[in-house]
Amino acid sequence: MKIAVLSGKGGTGKTLVSVNLAAVAGQSSYIDCDVEEPNGYLFFKPESVESEEISIKIPIVDETLCNGCRICVEFCKFNALAYINDKLLIFDDVCHSCRGCVLFCQEKALEEREKVIGSIQRGVSENVAVATGMLNIGEASGIPIIKKLLHDALTGPSIIDCPPGSACIVMESIRDADYCILVAEPTRFGVHNLAMVRDLVKLFNKPHGVLLNKCLEGANPAEEYCVDKGLKILGKIPFDRELGMINSDARIAVRENVKYRDRFASLLQVVREEVRHETVVDS
Amino acid sequence: MMKIALPVDNNSLETRLCVSFGRAPYFLIFDTESNEAAFLNNSAATSQGGAGIKAAQAVVDSHAGALLTPRCGEKAAQVISAANIKIFKTINDSIQDNIAAFNEGKLTLLTDVHPGFHGQGGK
Amino acid sequence: MKQLLILSGKGGTGKTTVASAFIKLAQARVYADCDVDAPNLHLVMHQHSVPRRTDYYGMPKAEIDSELCIECDLCRQNCCFGAIKADGEYRIDYYACEGCGVCQAICPVGAVSLKPAVAGELILYHNDTVFSTAQLNMGSGTSGMLVTEVKKQLRSVIIDTDLVIIDGSPGIGCPVIASLSGVDMVLIVAEPSVMGISDMERIIKTAVMFQVRVAVCINKYDTNPGNTERIEIFCRQRQLPLAGRIPFDTTAVAAINNGRTIVDLDCAAGRAVTNVFFRTMTTLFARERD
């Protein structure tokens, strides 16, 4: 069972929810797909960490074979190549690794080389297998890291901590998810962004429900939105200074206090039932 | 004496300099010896990304010896410099003023190239 | 004219809250929202004119004409993005396609074409103020390109001004890198949590890598005084100007929820952000010594 936790707006509590759900789920995996700003590992402080470099392929030219025909320069849709003073210039950070230039070079003058863009760190924290993707500073896209993170087979339920927003990097993170938890905060900005990320999960036909976080007294625009659109509300986490403090210090609430343990365990149970329901409906 | 290139908004001599190099709709290629002017369509203007690089390639291919521009990205600058073309900073948006200043040796080299706009079709 | 960009690394620290307050305090006439994925600035900076809306085209998308397709599989074998599916007939996964054109070039029968694809919308408000923003379609790539277009839109309108304020996006990737271009200074809105500090360090490194000056302010500082102090020590060690601290303030939260900036009414956060504003402006307009 793969559960993705996403939000649209940043700061609503994705990591709080994903870390605590994984911690309360027994033998499970926590996968941090927010490769630009990974945070889950700060909570889990995993042990026995192994690191794997993730690289992409960039062209490299053998100048002795290049005859200056410029087929590659003309082909490249990203304008990553230029031919100046009888030399082929290659712009690594504009290249999209499509291999077109390598494929179409008649002289076999172009080959591929590896360029490291980040890493995956894998470790363990009690009964949670923690996998964290990290994009190197200055690199544009973390998608290849996410692809590798999700490619590896896992046992037990896995909780996928997604990046904020609804752009392609989020789409990549939810690709294999069985269920999506949308974490919403009761603010005007929160609801606006919730609507977008809900459109994304609907587009990919992902069963989903909303978890209302930081709930205060009084009107909750996010709750109103859910009721209005007929969205399943999975649960509510009240605004809680103590929880905020624990989270702020990167401590795992379910491991510190039984009341949080119970709350997240019930939430997990609700999600499990939703997933079961969806699978029954589909089959 | 040589050909100089300037990014411009339109393909007539009444036009003004374009604020961007990579996305300028046209380049004016001006021969300082014969005073002949030719206009190049800049196909990079509609590029999804890497416009500076493509525009720079076009300038190099025009055999210009110098580029006069208000600004230039670092990748485009790399391409232009690799071709041993000097890049000068323009003083205002008037073509006539800048050509005159160039001929009188009054233009300074453009030293503050900005990091690429990263406007390539990236994710 | 100075460009100030507001970033955070971590999402939800208060970029838009601070940006909108600054715009009001400076009576800024030119501002932009570069968080094209989840733009929020327009929810507080109410506009009274009809904007100019332009379709934004990202990379083109491939399309297979099934009538011409001979199912040779060359396209699928050579697609580096897994964007070609062969279940029944050959078709393109629209969201995975990056518009590289390899399939089009390699198809022996010309069954593949690249079609322009709208990936979002550019929005420009121009009356006595200029507000440039955009909305990226969900699942889209090319967010960096769209950010560049948002900034270009600003430049396309000639208006005499000293200050441009740009509300940025979370993260450190392409859209953030695109927003950094040509900016005079970044103000980082930091959150005093372990996560917030980790993210702040990464965004500071990114800004420094792209040679942009950085100042830091701490929002909701009273939610964790220990971490607030850690941030201030970190900044002092690296000689990063500290622009101030803003307390957590439920009145401010309510103001934003009602579509108002936190300086539109009297509240503790509003008073604090005013101090942050003045310190930021002083740093921004100070004469550079290098």
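The letters A, B and C name the chains in turn, as written, and every chain counts its residues from 1.
Operating definition for what follows: a residue touches a chain if its C-beta (ideal position, glycine included) is under 8 Å from a C-beta of that chain, and two chains touch if they have at least 3 such contacts.
Note that the structure is predicted; figures quoted are calculated from it, not measured.
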Which of A-C and A-B has more C-beta contact pairs: A-C
Per-chain CA centroid nearest to the all-protein CA mean: C
Euclidean distance of C-alpha centroids - subunit B vs subunit C, Å: 29
Distance between the centres, which are taken as Cα means, of subunit B and subunit A, whole angstrom: 41
Centre-of-Cα separation between subunit C and subunit A, whole angstrom: 18
Two or more partner chains touched - positions in subunit A: 77-78, 96, 140-141, 167-169
Contacts with two or more other chains, residues of subunit B listed in rising order: 48-49, 116, 118, 120-123
In subunit C, residues with contacts to at least two other chains: 59-60, 98-99, 141, 143-144, 173-174, 177, 210
Touching residues on subunit A, where the partner in the complex is subunit C: 8-12, 15, 36-37, 39, 42, 75, 77-78, 96-100, 103-104, 135, 137-142, 163-171, 185, 187-189, 192-193, 196-197, 199-200, 203-204, 216, 221, 241, 244-245, 247-250
Complex contact set, residues of subunit C against subunit A: 9-13, 16, 37-38, 40, 43, 59-60, 78, 80-81, 95, 98-102, 105-106, 136, 138-141, 143-144, 169-174, 177, 191-196, 198-199, 202, 205-206, 209-210, 223-224, 227, 250, 253, 256-259
Subunit B-touching residues of subunit A, taken from the complex the two chains share: 73, 76-85, 87, 89, 91, 93-94, 96, 140-141, 143, 167-169
Complex contacts: residues of subunit B adjacent to subunit A: 44, 47-51, 53-54, 56-57, 60, 75, 78-79, 82-84, 116, 118, 120-123
